[in-house]
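Structures incoming, each one as structure tokens.
Consider the two complexes below, in which subunit A is the common component and subunit B and subunit C are the respective partners.
For the complex of A and B:
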């Protein structure tokens, strides 16, 4: 069962990733990008970590893909893109991707991933929280500072000095 | 004589209806019932108390003896299929959504000293909604010539499906009356909410028309910017309960509701709900006096009906989420009367016949009481969501974004600090004095 689901998710993820690159329509390309991101959320669900999967969906599909979609809709693509059908570039890209994937795979395989127990019970998100507060506290504080500064930045951007306009009352 | 259908006679219509009824009854008797009998031998039926739920040889005797149907009904009620389609799932939500549409029209009319729907169904226009549904089904679906057809067709269906996924996460009564009881329920809710702006803006773009596109862009601005206060305002509850599971959040409100301790969070959450639902005063994406009907402009017939159904199911789901998070969910005093004992023990006597019905209380008293309180609270919240429609004007988009990014986010941080103060003062939360 899990193998079938894994295969289905893999086909979905890789297929929509290729479609995201190859489809001529930008909108359909970003929809297939959403398919890829959703497929990755499916992998997280298969790996017994629904917490990460839900964040993957909420952040990547709910925010980032929407941002891309929004940008694509406001762009007139003739102005910034012109088609370059170059066979050599495409093969160079494929070769570069293969080299990257082989080297990344070698690094991951040699990092001790084979010794992981596959039948371990899923980790509760409360354990993740407790770990963040004890062992990984510098990372937590760093993340908190980054998030706080971005929220303050957002508040500052939202606060604008209104132009004096006689036509309008606030 | 009608110009559209010159050969139409009401008697022809009746004849065709009767013809269809005749053929359905005939075919069902000749083919359907034998087919069901044959299929019953191949279906694995659940075994209860050592007996098979339904003996295929005696299948048709259940029609004559109602007491044989009770175990079947019980097993259907507790099956996943029933949960997803009927009770805590889509059917229940769609029923409440339909009631909401009718209540909205009547209430708005009363607020404006009008009558509202009146003639359909004689009693206060109670059948108006059914009439509207029939009208929508029979209308032609018109698709703009330059529309992007796959997305345009898919958008209404996806909208309803997303709303149904949202509904499936809401717990309705104690004892596991929820479709999907997952550990990270609150996060799953936000993951599902994230799909609404995508669907809205895609359908707006695919119509290839000015008004839907403007409406879609407005909807995108509004939904994306109000999702942040929506998420931040419930963080206080997550801090105090230490759980993301919605059922556990309801159980934690056994003695007091979170709205008592976190009123600011409740207010922020309510305003964000109004914006997410595109209700007045935040109905810019559908502003009918400015951009026709916003992102719904090009939809017609049942496609429009599906979008409306989806948006009212979404309204129910948000109101139910408010009840679950702030108003104590299903908790309330026991007011449901117990099932009469003498029917369980002696059966029902009608003259010479006595009908014994063993195992009768199909649903226990606690569950029915829970559902009663849940529905009462949810309808109350829906009423408060509908009420601004008769009172407030639409607000300008820069003020809307100002409220979302500036005031509501600030207030939700105040709410988080109140929750943290209550937690660290030892008042609430795990090991608190209350």
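For the complex of A and C:
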């Protein structure tokens, strides 16, 4: 049975996930998204994985949410409150959401994982570090290259060529 | 541990369904990115939960990889949104029609 901390984190996570998509202002939406990401970090702490929780807080709340917040501030003010959606499409989306929840929930509840509990000791973060540096080192290097190339790609995409031309002629 | 695996999986299903609702209904590109982030987080939660209950360290390792790749994805996605905003002065995905046949 779930304890009260779990229930509180669930309310925070799911409530702010809904708020992130439904709140009128995009700025409040991105702050709500921070709530969701923080709630997930709380789940990681409940699951005895403090290393992943710290990583989640550093990467998601520290960089991704702040990056989104700055991008939101770069768009025009009317677009921050911009919300056009079809009524029919919205109802179809809610229907799709409910169908997914019910069908996936039914599958999971009828499967064998319903009663799984564990008394095993939590995994030490040293094991994860050793995994990274022994078995998964090619993947680690590949990930570093992907991150570097994506940051360079993002900088190249977001560069303003017209402004640089102006500066050059001046 | 007092919490069971099924609790975490149910929360993960709820987050996945909310994310799919956002991707399919919203027309604002930044909000679609929010929805994609929520889906990725639901997947990460599943990875760590199953890793805790098996118990196995590989789930946590994969969750860390997934978080790093998600950071790269958001950087590129936001750069694309900024480029599209500069071209169309809008973030409505229904307005991005240059590639429409």
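Note that the second predicted complex is superposed on the first by the 108 of 170 C-alpha atoms of A that agree within 3 Å, B and C clash if a C-alpha of one lies under 4 Å from a C-alpha of the other, contacts with A are read in each partner's own complex, and residues count from 1 in each chain.
We adopt the following convention: a residue touches a chain if its C-beta (ideal position, glycine included) is under 8 Å from a C-beta of that chain, and two chains touch if they have at least 3 such contacts.
What you see is a predicted model, and the numbers here were worked out from it, not measured in a lab.
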- prompt: Who contacts more of subunit A, subunit B or subunit C?
  reply: C
- request: Check the residue A:31 against both partner chains and state whether it touches subunit B (first), subunit C (second), both, or neither.
  value: first
Query: Given the touch rule stated above, what does A:145 touch, subunit B (first), subunit C (second), both, or neither?
result: neither
Message: Looking at A:106, would you say it contacts subunit B, subunit C, both, or neither? Reply first, second, both or neither.
response: neither
Message: Per the contact definition in the header, classify A:11: touching subunit B only (first), subunit C only (second), both, or neither.
response: neither
- prompt: In the superposed arrangement, which partner chain does A:115 touch: subunit B (first), subunit C (second), both, or neither?
  reply: second
Message: Just to be sure I read the superposition right, which of the two partners does A:51 touch: subunit B = first, subunit C = second, or both, or neither?
response: both
Query: Which partner does A:133 reach: the first (subunit B), the second (subunit C), both, or neither?
result: neither
- prompt: Of the two partner chains, subunit B (first) and subunit C (second), which one does A:73 touch, if any: first, second, both, or neither?
  reply: first
Field: Doubly contacted subunit A residues - partners subunit C and subunit B
entry: 51, 55, 63, 151, 154-155, 158
- prompt: Which of the residues in subunit A come into contact with subunit B in the complex?
  reply: 27, 31, 34, 50-51, 54-55, 57-58, 61-63, 65-66, 69-70, 73, 124-126, 151, 154-155, 158-159, 170
Statement: So, in the complex, the side of subunit B touching subunit A is made of residues 148, 151, 182-184, 187-188, 190-191, 193-195, 197-198, 201-202, 205, 213, 217, 220, 224, 227, 242, 244, 399, 401-402, 405-406, 409-410
Field: Of all residues in subunit C, those that touch subunit A in their complex
entry: 1-11, 13-22, 24-28, 30-31, 33-35, 37-38, 41, 44-45, 48-49, 51-53, 55-58, 60-61, 63-65, 67-76, 78-83, 85-86, 89-92, 94
Field: Sites on subunit A touched by subunit C in the complex
entry: 1-3, 6, 10, 13-14, 17-18, 20-21, 26, 29-30, 33, 36-37, 40, 43-44, 46-49, 51-52, 55-56, 59-60, 63-64, 67-68, 71-72, 74-76, 79, 82-85, 89-90, 92-94, 96-98, 100-101, 104-105, 108-109, 113-123, 127-128, 131-132, 136, 139, 143, 146-147, 150-151, 153-155, 157-158, 160
